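What follows is a set of structures for review.
Two complexes, one shared chain (subunit A), two partners (subunit B, subunit C).
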Partner chain A sequence: MRTPASRLALAWIVLITLVAAFAPLLASSRPLSLAIDAAGPRHSPLLESLDPLDWTLALAAPLLIGWCLLGGPRRVAGRAALASLLLALGVGAASIVQGLTPRPPEVFGDETRAAHLDLAPRWTLVPFSPAERSTDAPDSFLPPGTRTVTATLSAILPAAPELSDSASLSPERLAQLTQSLRSLPLTPSERDALERDLAARITPGAALTHSDLRAIVEHHTAALGRVHILGTDARGHDVASHLIHGCRVAVSVGIIAAAISTIIGVSVGAAAGFMGGAADALLSRVIDAFASIPVLFVLVIAAGVLPRQPHVIMAVIGCLTWTGCARLTRAAVIAVRSSEYVLAARAAGAGPFARVTRHVLPNALAPVIIDVSFSLAAAIVIESGLSFLGLTDPGSPSWGSLLASAVKDTGSPVWWLAFAPGLVLFLTCLSYNTLGEALRDTLDPRSRRHA
Partner chain B sequence: MTPGFLLRRLLLAIPALLGASLIVSALLELSPAATSLTPQALDAPDAAMTAHADPLEPHQPFATRYLRWMHRLSPLRAGTQDRLDDRGSRIQPPPPVPHARGAPADYAGPAPDSYADAALAHARDRARYAAALAADDESPDLRTQADRSRRAAHRALLSAPLPRAGLAIIPDSLWLDVPDLGWSSLRGRPVAPLLASALSATLLVNCLALFIAALAGIPTGLLAAVRPGPVDALLRAVLVGLWSMPVVWSAVMLQTLLARQAGVPLFPASGLMSPDAPDMGLLPGRDPRGVPEPGLILDIAWHLVLPVACLSLAALAVISRHTRAAALEQLAADHVRAARARGLAGPALLTRHVLRPALAPLAGLVAVLFPALVSGSVIIENVFNIPGMGRLLLDAVIARDRDLLLGCVMTAALAAVAASLLADALAACADPRVRFTGSNG
Partner chain C sequence: MTTAATAPEPPATTRPAAPLLEIRDLAVSFRREQGGFEPAVSHVSLTLHANQTLAVVGESGSGKSVTALSVLRLLPESHSRYDKGSIILTPGDAPQDVLTLGRRALARVRGRHAAMIFQEPMTSLNPVYSIGDQIIEAITLHTDLDHAQARRRAADALTEVGIRDAASRLDDYPHQFSGGMRQRVMIAMALACQPRILLADEPTTALDVTVQAQILALLRQLQRSRGMGVLLITHALGVVAEQADAVCVMYAGRVVEFGPVRDLFENPLHPYTRGLLRSIPRIRERRERLVTVRDVVDDPSQFAPVGPADAPLVPWWPAHRPPAGHTPVPGPAGDSALVEIAPRRWLCVWRTTSVRPRMLTQPAVPPTQR
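Then we have the complex of A and B:
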């Protein structure tokens, strides 16, 4: 943890984990707060929609941050690593439970928002839900920084069926529409500017058409729309929102799959290394057999054939990638098994299970801990690959499916659509690998000379 | 490499092959719509996912189907021999009825599900056709004697028993034949030729990637070893970056930035060759109309630039790291000190005294890198639309094509075994002291 690179890596991992824990709060189409009436209390559709698990995560995160800071500057890095691991486990558990009890996506759509415009809504950081599809561009992508306007406008200026866009407006209709514009939640200066523009155009004799009015209003109410910071993908989903919710998928799949593979690997490796003899030979053959199975091929088949739920993907990745960990554990256990302190424990009457768990494993786990960091990165990459191939739940946001949408759904490839999700994936992977290298330098000083 | 060693390695590969096939068969058994999906169902995958297994498909226990598949795979087979049709190809049972729900109007009971049943049905059809021909013999269309005798010969051929496949040891009870990987219901062809063509594309891409990675990785590793300090630190940082670069991202970025219809249209976006490539000559030249054309080799190379670049990035990093570690070890060894003491320096010292002994551990990397590359090529092939194993696998998964899936996994597992054999052979070339005696080779 000494080098600046490993500190940066740890900071990125902590950031990703925090974003994963706070994902529903960071990106949602539901307003953070609404005023039912000008004087009354504001209420919050966003907070009301959170389920208990989201609440637990959102409350656990500040507690863990506080615990990290309490340790003082010398312990911050270690505690942060542990805290992000714990938080990631929590996120993993939450996404398993939420995957098992799916709720219909609650989309606070443009129409609802437009109806709430006079309630002075305040949005969260990214005012889009991942499941929400832009009404402005349902089947094409929008470049970064685009504002949503159509739905808001059509709520303000309901289409007049009796009028085509080019027909001029009758004075009564005009009066009715300008009346409805008065109720818009604009600042006084914006309202003044709008009324000045309208007054300039509404002169006796000059005909004002519906589309003219629309253009004027569109110009002045742009601030009311929401901004797609990173644009939308080809199906009209907001990219930023997908990125944030994709953190949750990546963090949870990474941690749970790595946990499963470590548990299997350590158990099999420790059993093989400690028992020796025929058991070792048999288990080693099992490890060899699993290691020479083409993992990605079987993963693709498993992910494609089994139900597309988060826990299935986690279990499948975990159950097929444990061989490296098993080999490392076996070698380390064999190296430790016949040392004096294990013999002493045996002489003191400790049974085999107690000897393995209390004496051998604690002294043989260093290479495994290093390996966990690398296997976390590998699991995240595998998950993104599977979702890139379209083998995960199509409804759940994932970095891989964003990448896929950059090349598959758009008419021509769009690099900026792939850039952000790929960069986040790359940085996460790089961070876990850098952290693994740093851990290796710390825990396994022999390798420092070579690696 | 003695035959005994080779045999032992192949025997050790059997558990892996068994395990992989068992896992895949079990997975297919667990799937909600086992083996009943058809290309037609792909238009509505959700409906097909919820639809249960085809009620018309002959139902057998999992163990029976798995054992039957294994039996088809073994060269020595028991039971009735397969029969060949008039064109000399094996008579296969037809794929499952392509209707997930409800029988077609002209459905006449379950399809024959075994090779013997299929051969019987085929023989019955032939007999019926021969009878129809016989009834038609007096037709006024047959004017000449030649017509009549040709017709009689045809009928004789139809009523002859079907030729047997393979080499009989005891006729119709024990026989030898080439392993039969089954029938792909997705493509409507036997699995083996599909796999062969896909494997050649995948091998082309992967061997090139491995070669290029070694070509670039070994010099960078050596450079890092002989220049400690800033060069080493910089290389290490770059290599960790390359190593962490997800293949998905590099592939998508390269395709969106450099492929045709993208920002800088330098390279073709997809495929292994241009559509008109089969008509080209091997080398650059001019076509019959005098228009210059790149030639087959250059055309394929042009298509391979982006996929091979993506695949070789991570392998390059791994090779370079290992080269650096091995070279550092050799640089500290006595024989290098001795060579230095004799006044050797520069490239001669590096190549003959440092790189030469470092090659043996590097050869072992092939066994690790090659399967990883093949895994990576699943993604690459789907991005760049290369007709290799990865594409075949994905298509087969979506269509739940059982035989094709099992064939893909078996091929990939065998490729891994072959790669580890190759690694041993290379290690033996690099270091003559390596003998194939130990149980681990």
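Then we have the complex of A and C:
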């Protein structure tokens, strides 16, 4: 925990986890708050739309992260393990509750936003929901920095070749364009203002050019638009929003898959190492059998047979990747179980379960804690690989599916679709691995440089 | 002089009251890698009374620790087997045989009736818990005290073993204590539930000499104030002479001699005991090299048999080469037996076919010394 690299890694992981926990508050088309009547309390469509999973994550994650970091360097690993376990349990419970009460996604598009503009709305940082498709250009890529209403305007006021910007508009053409401007997402008051402005300019005798019209309309719609800061994908989804909600899948797949694999691995490894003899031989063969299963093939088959839900993938990854952890635990338990303090605990009358949980495991878990960090990174990579191959739920945003859409939907790669998710995935895996190395230096005396 | 019957009587040493611990004809064997079992100790019998320190001496591998661990059945279950015998604990009124107890009853005995301390104070405390946690765990395993009461009792236990400022030191971790202090903590932990029997497996071997003396004095003082029976395993005959009331000499997995400490030191009967006592270096003697037990052990075949003419006895010795006229045959208990050869003196013997009874205390040939 002492090198700058490991501090950066820890900071990145904390950031990713917080982004994942607060994803709906960071990226959503719903307003954070609205003043329905000026004197009354503000009303928040966003908070009302949060489901049990969102609440669990938003409340539990910051508390648990704070608790882990406040423990100081000596306790951070143990607390992080416990916190991840609690978080995994909470997320699991909330996912079940959520699965029982499905709610249709309600999209707050530009028109609805416009209708709420009089209510003094406050918007989120990235004002797009991941499921929302751009109404401007539903089936084409928009590069980073595109503003939504500008795109709508471009559709309404096409830069037709016969209409040079300086050419005056014919009255028929002007009437036709004014008619189609009605479809702009504007508040009633804005619409009145725009129409008044246009009426003032459209006087008999005065020539109105195409660019004049455009300038007027852009002036009145400036407050409205939303910027796709990282562009959109082929189906018009906002990349930034996808990336933020993709953190959720990545972090929760990492934590839950690693928690499942660690629980299975530690239980099997501790049982094998502590009992020894025939039980050890049997459990070791079970570990060998599971270690020989090719994980990716089983996951591809599972994607075909089981429902393509994130928690199914988490469970399958967790149930397939516990063998390394089991072997580590078994070896460490064998080394510790013959310690005199374990014998002393036995002589004091402690039963086998108390000896394993109180005396053997706390002294044997250092290599396992290190391993957890690496298996978190591995689980995230496996999940990204699956969604890159299109084997996950297409409705749930994921870094891998963004990467896939960078090459799949067009003949040529689209750089903004590959760059951001690729960078985030790379930094996350790098951070978990760096953290694992730092934990090894801290916890494993054999690799400590300053003994 | 009495010869034991097929099931030998327990050797009684000094006091007529029911002993706290009575091991009768214990035999333990260990599983071999190639299959089958290798006997580790056999024909072990001894008694431990209240208010008594019984020293068990012998070289490494002689079965001292196996015997002590057997008292609480602490040998690894998958690798050991109790072949025969019984280990009777009488902590209160009802005697119970440790070897036939169920799991739960055994857990109640461990730490409650008999506690154990080990050789390595550096490794016998769990490094991840404060010593308070560990003593409190030992207390709450056997009592219904709540945490605060157990903590007070832990502090008392620490004070009793001579650790100053006990209440605040409860929150310290083992690495913050020196070796001698850790052994004191181990003793406090072992005695926290007021056991009647303390098994001390070489408690001072890993400590330096001054600390050894302090720990031994502490053990002696605690033994006297509580009236405990202490089974003290040791290599050091000096410790035995100072500390023990009775001595049990073990060799090759058997008790070869057992008796009150003064009698046994003044008049050792078994060739191995004699060798052991003779191998102690003396300050006045100048020697090129120190003598080992095997250098000075009397040839057991030179011991004249004792006992009745139809069943004379010679000291048991592994790989016994009998002198002319002697053919050792299995003794009363199969191959050897512990027999009360003189009042309160027990000796491991073999029967022989010799018909020349002579005093056992005189070796036929003077010991060869280099």
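Note that in this section the second predicted complex is superposed on the first by the 303 of 451 C-alpha atoms of A that agree within 3 Å, B and C clash if a C-alpha of one lies under 4 Å from a C-alpha of the other, contacts with A are read in each partner's own complex, and residues count from 1 in each chain.
The definition used in the following text is that a contact is a pair of C-beta atoms (placed from the backbone, for glycine too) under 8 Å apart; a residue touches a chain by one contact, two chains touch by 3 or more.
Computed from a predicted model, the values in this text were never measured in an experiment.
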item: Simultaneous placement of subunit C and subunit B on subunit A, clash or fit; value: fit
item: Partner chain in contact with A:339 - subunit B first, subunit C second, else both or neither; value: second
item: Partner chain(s) touched by A:362 [first = subunit B, second = subunit C, both, neither]; value: second
item: Contacts of A:407 with subunit B and subunit C, given as first, second, both or neither; value: first
item: Touching partner for A:276 - first (subunit B), second (subunit C), both, neither; value: second
item: Subunit B versus subunit C as contact partner of A:215, first or second or both or neither; value: neither
item: Greater subunit A contact set [subunit C / subunit B]; value: B
item: Which of subunit B and subunit C A:69 touches, first, second, both or neither; value: neither
item: Which superposed partner A:349 touches (first subunit B, second subunit C, both, neither); value: second
item: Superposed arrangement (fit on chain A Cα atoms) - minimum subunit B/subunit C Cα distance in Å; value: 15
item: Where subunit A meets both subunit C and subunit B, residue numbers; value: none
item: List of subunit C residues in touch with subunit A within their complex; value: 72, 74, 78, 103, 107-112, 115-120, 123-129, 137-138, 141-142, 186, 189-190
item: Contact footprint of subunit A on subunit B as seen in their complex; value: 12-13, 15-16, 18-20, 23-24, 27-28, 30-32, 237, 240-241, 243-249, 252-253, 255-257, 259, 261-263, 269, 321, 324-325, 328-329, 371, 374-376, 378-379, 382-383, 389, 393-394, 397-398, 400, 405, 408-409, 412-413, 415-417, 420
item: Residues on subunit A engaged by subunit B in the complex (per definition of touch); value: 5, 285-286, 288-298, 300-302, 304-307, 377, 381, 384-385, 388-389, 391, 400, 403, 406-407, 412-415, 417-419, 422-423, 425-426, 429-430, 433-434, 437, 449-451
item: Touching residues (chain side subunit A, partner subunit C) in the complex; value: 275-277, 339-341, 343-351, 358-359, 362-363
